[in-house]
Structure formats: C-alpha cells, structure tokens
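Here the chain labels run A, B, C and D in written order, and each chain numbers its own residues starting at 1.
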Amino acid sequence: MPIPMNRGAFALAGSSLAFKTGTWRSAKPVHVHAAAPCHGACPAGEDQQAWLALLQEGHPQQAWESLVAANPLPSVTGRVCPHPCESACNRGHYDSPIAIHAVERWLGDQAIQNNWPYPRLPGSPRPERIAVVGAGPAGLSAAYHLARRHYNVVLMDAMPAAGGLLRSAIPPTRLPRDVIDAEIRRLLAVGIEFRPRAALGRDITLEELRSEFDAVFLAVGAGKSRHWDVDGAVPADLHEGLGLLREWLAVGAIPKPNAVVIHGGGNTAVDLARVMRRAGVRDVHVVTASGLPGPDTDPDDVLNVVPRELEQAIEEGVQFHPHRTINRLIMRGSKVVGVEMVRLKKLPDGHGHKARVSFEGTETVLHVDMVVPAIGEVVDPTGLGAILNGRDFIDTDMFGTIAGHPGLFAGGDCRGWIKKLTNGTVSAAIGDGRRAAEGIDALLSGRSPMEASRPALPFADLNLAYYESAPRIALPTLPLSQRDDSREIEGGPDTSQALAEAARCFSCGNCLACDNCWTLCPDNAVLKTRETCSDGSHYLFDYEFCKGCGLCATECPCGFISMVNDD
Amino acid sequence: MLEALEGSQAIARAVALCRPGVVAAYPITPQTHIVENISKLVADGKLNTELVSVESEFSAASVVLGASAAGSRSYTASSSQGILLMTEVLFNISGMRLPVVMTCANRAIGAPINIWNDHSDSMAVRDSGWIQLHCADNQEAVDTTIQAFRIAEATELPVMVCMDGFVLTHTLETLEIPDQDLVDRYLPPFVFNRMLDPQNPLSLGTLVGPEYFSETRHLAHEALNQSASTIVDVDREWQNLTGRSAGGLLSVEGPDDAKIGVLAMGSVVSTFREAMDCLAAEPAKLMALRAFRPLPEEAIRSACAGLDHLVVVDRALSPGFGGIVGGEIKAALSGMKDAPQIYNVAIGLGGRDVPLEMWPRLLDVPKQGGGFRILDLEPAKLGEMS
Amino acid sequence: MIEVRIHGRGGQGNVVAAYLLAAAAFETGRHCQAFPSFGAERRGAPVTAFVRIADQTIRRRCQVANPAFLIIQDSGLLHIPATMEGLLPQGGVLVNSPRTSTELTQEYGRPMTALPASALAQDILGRPLPNVALLSAFAALTGLMPADALIKALAHRFKGDILERNTKLIVAAGQLVDAGAWKEVAHA
Amino acid sequence: MSEMNDPRARQPRFRGLEAGHRACQGCGEALAARLVTESAGPDVILTNATGCLEVFTTPWPQSAWRVPWLHSLFENSAAIASGVEAALKAQGRRSKVIAMGGDGGTFDIGFQALSGMLERMHNVLYVCYDNEAYMNTGIQRSGSTPHAARTTTSPPGKERMGKRHLKKDLLSIIAAHHIPYAASASVAYPQDLRRKVRRAMEIDGPTFLLVHSPCPLGWGHDGSETIQVARLAVQTGLFPLVELERGEVASVMPLRQRVPVAEYLCRQARFRHLFADDDHRAQEEREHLQALADYNIERYGLDGDGDDPFDADGADTIRRGGPANS
C-alpha cells in the first residue's frame, strides 16, 4: 500500500530515518587504533599514550597501573632509560617531544610514596613453579609478570640484593639507591620468593633447576668483558670500563690518570667518563664509532646513551670524538702514551648490512696515559654449559625460547640481539622479561605466545589544526658546582608539571574523546556513547546513515579514524 | 448597524470583526485605503492584531503564509501589480492548504500602467488554487469578507475576496456592519491542526516528486470543487443570522421565462440590477457569478435552462483568446442539452465607466451576433492598426 | 434620486466634500452614495466627485453623467467646458467665488449661485477651504437636509475646535444663500 | 549498533537535523544547519528558502527536521519568518523563529525580504548558509561568489578569469540595518558558531548569522576536506569571522598567522584556472584575491597579537574529552 498523500504534503519530524543513506557509501570510516609511536619504540612494551591518557583524565593510580602492566620499574626506567619513546614522539615534529621519562618517573615515585599495590591479572593461582635466574631488570620483570599471572616464582641471584646491573653499573647520580630499593621491595611483595646469594654454577646447577621447576628463565646478564685489542696490541695495565665502574660503585675507587681515552659509545662509557672527570681527571676523551645526536645523524647511528646524560657529560667537560675509532695504540714499552684515531662511518656494504669504513688520511693523535675499552660485555659461561655452546650470547626467539631446550628461557643482556627488541638497555631487559613470561605462560597453558603488534601512527596522519603548541617542561638539574658522586643530578617533575606534560600528548592513533567526529559529521552518523566502546572510543559509526564522506577521518586530530573500502 | 462608509473602511471594519491574529499591509492603489483603515483601527486600539507593514506585496503574501502556518488567522489585501508580485506565494499558500483571506481590489494590469478597475489581476491568478468570490456592492463585500474566513478555515483553502477597485473601494455608501457578537457566534476562533509547533514539529512545504505530484494536484482540484458546498452553506447560515445573502455561488434575477440572460461579475451587476428596473428593455435574466473559483458548473447550467441567448460579460481578456469568463462559461455549458447561444463581450476595461445604458446594449448583442469583442470600444480612438 | 457633481482641484477636499454630503444625507435617513472620479491627479489638477442621494438603495455605480447640481469649488474651473457638461437644464450651479451671483449669471448666461466660500473659511477656519461652506450653502439651497445633519456628518471626522469652527462656518454659509431656492429641482 | 540499545535516541545533544537527509557527502551546509539547530535547541520554528538544504531535507513523505519547519519559496524565507513571528506574538507564544537560506536566497533574490524583516525588527534569527554560488541549480554565480571563481555562469576563458565582480559585502549591508547582533561564522569553527547561535538566540530582536559552508561539489574539493577548506578561508582572511552589534564591529577572530590565499585557492577546482602556468592573468588574479584578504585583515584588524585561545589557530583546539574552548 502506498503512503496516502496528506493535506498540503506535510512530513513528520525525523521521518528521514526511513531513508538509509548508508547505501551511498563506497568507503567507510573505521577506528584503526594505531599504535602511538612511543609505544612502538618502547623496548619495555609500555603504551605511554595509554597511561598519559589516564593521567590526563585525572587518574594517576590507573595511569601507573597501566604503565606497570608492561614495566614494573618506572621509577628506575624514568631515570635511566634513553627513552626512545621520546625520540619517536610525534610531538617532536611539532614543537618538542613529550618528556615521557619525567612523567614515568613521577608516576613511579608516586606509587612508591603512596604505596599503590601492583595489580595482578584476574585469575586463580597456578600450580606451576618457575625459576628466574638473575634478579636484574630482565629477571625482575619476568618474575613480576609471572607473579601477575599467579605463578609461583622463585627469583635467585648471586648477589645479596636484587637489582643486578642497576646496582652494579649505574651511578647513584643517575639512579639513587633508595629508588632501586623501594621499587624492588614493592615489586617482590607481589608474591615473588627471592633467593639471594644463589649463583648459577656455584650454588645451583641448571639441571637442579630444571628438575625442580616447570620452567626456568635465565637472566644472568653479560658479566664478562669483551676481548679488546688494537691490532693485537694491549696495554699491560688494561682495565675495561664496566669493571672500573663496578669497582667504583662497590668501593669508591677510581684510577686518576692525567688523560684517559674511553673507547665505546654506551652508557658504561659515558658513566665512566663522567665519574673520572668528576674524580679530577683532566682530559677525559670518549671515542665512539657512533654519532652525536643531531639533525644530520641517522637515528640508528646515534650514541646509545640517554640524551640528557650526554648533554650533562659534555657540560661537565667530557670530550667526545664521534665517528672515530682507535687505529693504533702509541706505546712506550707496555705503557700507553697516546692513541691514534681515525674517522669512520657505518656505511652500507652492498649486502644489506652496514660496515665500518675508516678514512685514510684522517688520523689524529690523542696524548693520554690510559686507555679504557667500554665496548660491551659477553655472557659469563659459568654454569650454562651447552646452552651457550661456545657463543658469546644465548640464542632465543622473541619470547626467550631457547631452541632445543623446552622449558628453558633466556632474556636480558645474556641473550643475543634481536633487532628492535634489544639494545642492551634496562627497558629492553624489562621487555625481555615480560615477553618471556608470556612465552612461559603460553608453554604451560598449551598455547602459542602472543605479542600484540600495531602499526605506528605516522606524524602526517595527525590533524595539527586541533593542537596548540606548548613548551616541554624543564626539569631541575643540579648545577655543575654541586654535582658529586652521590647526589642525583636530574630532578623529577612536580605534580603540575607532570600533568601539564601529560596534557601535551597528541594521543596518536588513540581516541581523545574530543567529539570532533561527532561534532562534524554532516549526516549525524556518528553517535556518542556514555560508555567506552570496545575499541576504546566513545563513538559509534552508524553505518545505516554514514555516507562515507571521510570528514571525520580528516578531522580526527589523532588519526584514530581511517577510511577503508566498503565492500 | 446601518452606516455610511467608504468601501475600504467597511472592509477594514469587517476584517476587524473577524479578529485576525496577523495582518500584512502594503499600499497599492486602489487597495491602500483598506490597509490604512486597518492601521488606524490598530493605532486606535480598536483592533488587536499583529500588523506587519511589509516592504512589498510579495512579502505581504509571505507574511500571511507564515502566520497562517503558525496558526494565526491571517489577512492581507492587494491589487493589480501587487497581486501579480504575490503570484508565486499565492500558489504556495493554496498548495500548502493555508486558510488565508485576502481582499483583491480589482484593478487593471500594465503596461500601459492603469490604476482603474477591471478584473485583469484576479484573472491572472485564476489558476493559483484560491477560492475567488466577487462582490457586486460593498454590503456583499463586507458580508463576503466575514464569510471568507469561515470558508477558508472550514476548507483550509485560501479565499480571495474580489471587489472592484474605486467603484467599490472608494465609494461611500449605506451599508450594515454586523455586531461583534454576531460575528463571534458565526466565526469561531481559528484552530489549525497542522500549526507550526515545537511540541508537534511538522515540516510544511516539502518536495514532492513525480511519484506523488499528480495526486497533490488532484487533491487540490477536489478541494476547490468541494468548497462549493461550503460556500453555499456558509452564506445560508449568514442569511439566517442577518437576513442577507451575499450571493452564494451564483444568484439569478429576472423573469423565469426570459429568453436572454446576462452573466457578469462584480460591481457592474449592481448597475445592471438598477438598469433592469428602470430602463425599458426586453425581459432578461441577470446572473451574478459570485464564485469564479470554484466555478459552479451545475449552478450555471441550471440557471441557463430555458435561455436562448446568454451574454457573458468579461472585465478582462486573454489576448489571443478573448473573454476569460466567457471561455469558461462556454466550456461549462458544453454538451448541455438546449444550451443557449453564448456571446462574450468585455466592457469597463481599465476603469471605463459602465453606465446604465450598457444593459440594453448587452441585450442587443445577440442581435448583432459575432464573436468576442470589447463592447464599449471607441473605434475612432484606434487610429492606425499597429 | 438626486445626483450631484462636485468639481474642484486636487487638495481642496473634493472627495471629502462628496463623502460629507452623502454622510449628511445618510443622517437624514436617506440612502446615499459618494465616490471620486478615481483620477491619478495630483494637487492642483481639476478633479471631480459624485454624490447620489435617494430614498431607496442606490445600485447604479456609473459616474454621474447628468447631475441635477454642480458644486464648483474653484470658479476658474468654469472656463473648462467639461465642468458644465451634462448638467440638467433646470439644474443648479453653486460656485465658490468672491463675485456676486448676478455677475456670474450674466457672464455664463445661465443661473449661477455664488458663495465667497474661501474667504468665509479663511475668516472662520483660518484656512481658505471652501468645501464645508459650499455644502452648507447647498443644503440650504436645496433644503435636502438641515445644517444639523451636516454637522453630525462632520462630527464623524472632526471634533473639538475644528468641529466648532466648522459648525460656525456651516451656520454662516447657510445664511448667505437663498434658502430653499433649489427646492423644486431637488424634489423633482 | 550492537554495543548499546538505540544509542541514537540517547545522544547527549539536541538533534534538530536528523540523519537520513540527502545532502552530498561532506556537505558544509548540512553540517552548518545541524550545528545551528543543535545550538538553538527544540523551542524554535524554522523557515527555509528554496535550495539544497530544503531539497535534501524534505523529500516527501520524509523530513530530516525535528523542529517545526516551513518552506515556501526561494526568496521569502525572511518574509514567512516575519509572518510566523507575528503569529507567535499574536498568540503569546515564545518560541524563537530562525529563518534560513543559502547565499542565493539571501544575498540576491531574498535580499529585499531580509532587509524588510530586519527593518521591522522581527524577533528572528536569520542564518545564511554561504556556499558562494547557486548550488541547487548546479553551480551558478551569485552575489556571494568570490571574485575570479569559476561557476557555470562565470566560466574562465579567453576573455574572462571566472567571476568578474566581487563578493557582495553583505555583512556591511546588514550592519547598516543597525540590528542588535550580526556575525559571520564558519563550519570550521563549530564552537565559535555555537556560541554565536546561542548569543543570537538570547536576543529579542532581529539577528543575522552568515555561516561559511563549503560545497564540495561546487568548490571542487573532496568531501573530506570541507573543514580544512573552510578553515583556510578564515585563516587567509578571505572570510573574516566578526561580530557586529548595532552595526559596529564588536569582536573579531584574530589570525595568529596569516596564511597566503594561494593555499586556500589551490585546494579548490573553482580556482584552478588561477594556477595556469602559461597565463599571466592567473597570477594577477591570485594577487587580487590576496589583496582582498589583506584588505579584510586591515579593515577588521584581524592580525592577532600572540597566542590567543580564541584566535583562528586556537579557537578549535581540542583536549581529551572535548573542545578546549567550550
């Protein structure tokens, strides 16, 4: 029956809902939930955008809980991590990156101060027992993530206190000992049994562990210095960097030559250089094949150092020689009196890799009376037997699985590098621990391990019209004159600073609940919901009416909406 | 009460008795005195209405359209070029079935510009879907104005009350202005159930495509046709209250056995009524066509029964065709058994005086035969055909 | 039925005169009709208005072609042939003029009644508006209505001082003509 | 839809213009009308000039309007609004009347009715959705079409570079009516638009709002770029956002930084001929448009002074949970 024409052809309010304009659409908007670049760049696997969002909403404890869902040591990493998240931060293309580390540190410190308990995942206790060998960042992380999943975890370490290289290799000027103590104490309270003074190969064997436990995670670190020489020449009194740093941290002793050259481009090199400089060494040189951060330097080629540490080192008088290597030791007898440097670069070798190419004719000489190699460490094979099998590191997949050794996992500095997963940082070790916990849980649950992976949102996908420039917070730094070997040099943000910094977050790839899509849809086809939808937004697309114009996608500030073919 | 009033003043008083909510006013000769008089009533506090003095007839029509849609009894008046400027809106008002009442002080259309009376203006909007009622004198104009609101609101169709410019609007004469009580009893307050109302938000004035447009036109046609009975009923009720009929659809005077009839509209009817009485001429029927729209075909046919000749008087013409009323009457009688022979003339164009002596001349037309012509044409003034 | 034609110039209150005369007739219980010649003329141009007075309903709406009376507000209009056109042979002509009736009668070869209406109005109203004085004289000449009817009709339009002065004018003008002189024509 | 029961019925805002209307994808006018009616709320009566908005919202038997709505003709929106308002007054009802029209129905054919309405001081908010040409009939030039723009009746060619004449300065004409409030707004700045609607709604008397509403079809840009294009019109100074009280400039939206008009022009096919390499007239016309923008900036004092939360850069800043300036 056709609708009967009425008097004067009037129409009823809102009767257009009978006309479904969704049929006009050839492309439709979807919520893509791309990863913020910070998340993608984080070796620990944090979703910084997510916890910054919670902080923006005024929920600091929830923000911390979100943070520790990946990284249980925010007070530590907030201080020591070179924060590749900030290098990746899209805000860097706009004004300056979010000071994520500062907010992370603030959240960690708030948790300590307020004694927020580490949350566990929902679930019931598991009967399986798991051994974690080595209570450094990787071990702590794995133990924590397993405990979160209700496993019985025994964490053992050769040293009397948990912390690993946090205690043995990082100066208190960067990481105060009370911070380590507080955070680890609280972490262990999640329900982790800690056995100190239990060294693999000395106090326990791998075989014992394997029979006693359902799975074993090896996080023994890389405790043995890598062999170093220059064309076979080695000074008689050679001290390697990590050893000197550990000795200084343990007993406070440091050699004081007139001039020293430290060969290496990592935190050990920089930390040691600063310790020696502050101890009174006149000339402290760092020779590194990497470059200093700058617009012309490839991010892969930059010194693997916390950027502000580098700035502070330069400020303190450490002299850096980037893109150089030591070509020759100038010896007087067995004693070093100088080194010859040559310029080099890491260039493509034509096989998809990069090779170091030194440039003849660029040699220069440094007059020094001490050379300290800090080019990295390898795994101490003690107690590892066949696992190491003569190599410097243990080979694993991304979940720490060691091929041919079911139930045995490894992570942290002791395992071989997997590009993008490991760069020898604390955060990378924490990420290893977290993924190994997933690997172990998957094994014990009879499933395949999973690691969520989302593409990162490119800067170009943001709509900058909706953001205002805002300065990055400036953190208090101890003046040069007041710096010593014990006081923490960089201070943390206060509450208002932390909140202001969190508010700067673009929320890349994640719904800001800004209402733009809802406000700007000409077709009333975006609906707002009181509850958070399953995809993390507060909006639904009403595809019955959406014509697919794409206005919402263009005007979404954070790239949360994208148009896809509507087949 | 019997009063001596100028036609325009009488219309203003009649409108005021109907308690319109909104009146739109714009001057044009010879209508101006109506809105002037209404303005004076408003200024003197004798009429409580929203008087909107607009900037054009186009807006006058638009204002009453809006006001009517918003549920107010609405009135305006115009003439000639003003009616033509309103044309677009007039079609709209009827298409939306809005019960607006308007007085058309009939006047010629330029060029050449001419401010005097004929029916060119209302004829030009013949097809606008309005009811068109013509008045022979100012009493009929007063009574028809009051009836028009009843008709409009009962049928939800707009009504145009046509009264000859100057001849009626500017003539002071004796007439009866009814009491307010009587009009209030006759005309209940306006209730419009399609009213624009946030509590019941309708959309008025929609787009209708080919799939429904024919139906809207059919309904408009039927609505006009069916309004005929309302026009008759409403006039009968008025007659019961006042003793006066305003002429129904068509009124007929003269001896039943007359063989010749004259059909006319407007003030010439009044002159012919006197001429029938005072001039020696053959017996004839005078048909006063009050309702030009809807055209009362049946009433016209039965009035013509027994006539040999019918002279249809037009006060306008359609160049290239002839008299408009004449054409329509021919169509109305087409196929009628023993239909009278129809003759069509136009007279009194652009204010040319229609004297009493026009009556015998009209009765003489069948003897002369011939097609449509302007009867009071003065050939001497034509000069060379150009 | 009595038919009257009023001649004047735009701005002299010609139409008002016609309306007043008709309204005054209405006050005496008669039917009346008054209308202007519907011109587009502006101030100063010759204009015409018509009045019909009868005991029955007046239905004809044509212009008055053969008036029984002419009221001429401006004697200058006498020079226009159209002014006298159609006047019934026995009809009366009332002219606003400072001259005497005799002078006018001699000059135009037919009876004319003169009234210095402008001067009178200037004296009493302060403005040389001849129409009310002429109407009063017309009422007196024809005996169609008492001065009171004219005053009543005026009272619908004016009040206060203006009405008082016009009343005075009506009385004064009525006394200047030969009351009842046109009675026969008016009752023919 | 599965997430909640009928979320459309539970939207935390008033919907004056419902889904299911038939506007083009990315229609600026539909968006503007949606925003205006949302801000105005339910106690209004709308009138609508003939045009796209009328056609795409009310193909019988359907209507997208949730408020009473009246359409009559192209040129009489203001006049029928006058009538509606007079009726409301006569009946003692207090609903606000909003008259709507496009630029053709406002700048051109309906201009007289608008002027009359303003002069008579009707309590009506008149909203002109300005998309700078007769779009409903297929893109013909109007009094509002900018200089040099291509339309089907101002095509560029050997003798012409698009529209020969200038965009009519309607706001100044409106200002000359000395009405209580008149403003220009843009769909690119919805918070500003809403504020202006609310402001106008509060005033008992005639008010006027000129809303720049891009037409993707007529301007030749993608429907997804409607807001971007509208924003650039403001940021270049070509469409200044100003508020007038009793005809005097009361406030303006400052420009934090001037954007060259070429950035606005190059996004629209209607200005494509202004980028022809081999035509010296192209640069001349671009410079002309730049000069017009500069003139606007100077005339209304649009140059901002530092960062202003309500300038053309800051006005629509968002933060988590909504607009920053709401």
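The definition used in the following text is that a contact is a pair of C-beta atoms (placed from the backbone, for glycine too) under 8 Å apart; a residue touches a chain by one contact, two chains touch by 3 or more.
On a predicted model such as this, the values are computed, not experimentally measured, just so you know.
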Chain nearest the overall Cα centroid: D
Pair of chains joined by more contacts [C-beta pairs], B-C or B-D: B-D
Rounded Å distance, chain B centre to chain D centre (Cα mean): 44
Geometric centre distance via CA averages, chain C-chain B, whole Å: 34
Chain C and chain D: spacing of chain centres that average the CA atoms, whole Å: 64
Between chain B and chain A, distance of the C-alpha-averaged centres to the nearest whole Å: 90
Residues of chain A whose C-beta touches two or more other chains: 9, 11-13
Of all residues in chain C, the ones touching two or more other chains: none
Two or more partner chains touched - positions in chain B: 96, 201-206, 208, 212
List of chain C residues in touch with chain B within their complex: 15, 18-19, 22-23, 25-26, 31-36, 38, 40, 57-63, 65
Footprint of chain A on chain D - complex, ascending: 1, 3-4, 7-8, 10-13, 15, 17-23, 25-28, 30-31, 34-35, 57-58, 60-67, 187, 190, 216, 222-228, 231, 307, 313-314, 316-324
Chain A - residues contacting chain D, complex: 3, 6, 9, 11-21, 24, 53, 56-57, 465-469, 503, 507, 512-516, 519-525, 527-531, 533-534, 540, 542, 544-545, 547-551, 553-555, 557, 563
Complex interface listing, chain D residues touching chain B: 42-45, 47-48, 54-55, 57-61, 63, 65-73, 75-76, 78-91, 95, 112-113, 115-116, 119-120
Partner chain B, residues of chain A touching it in the complex: 5, 7-13
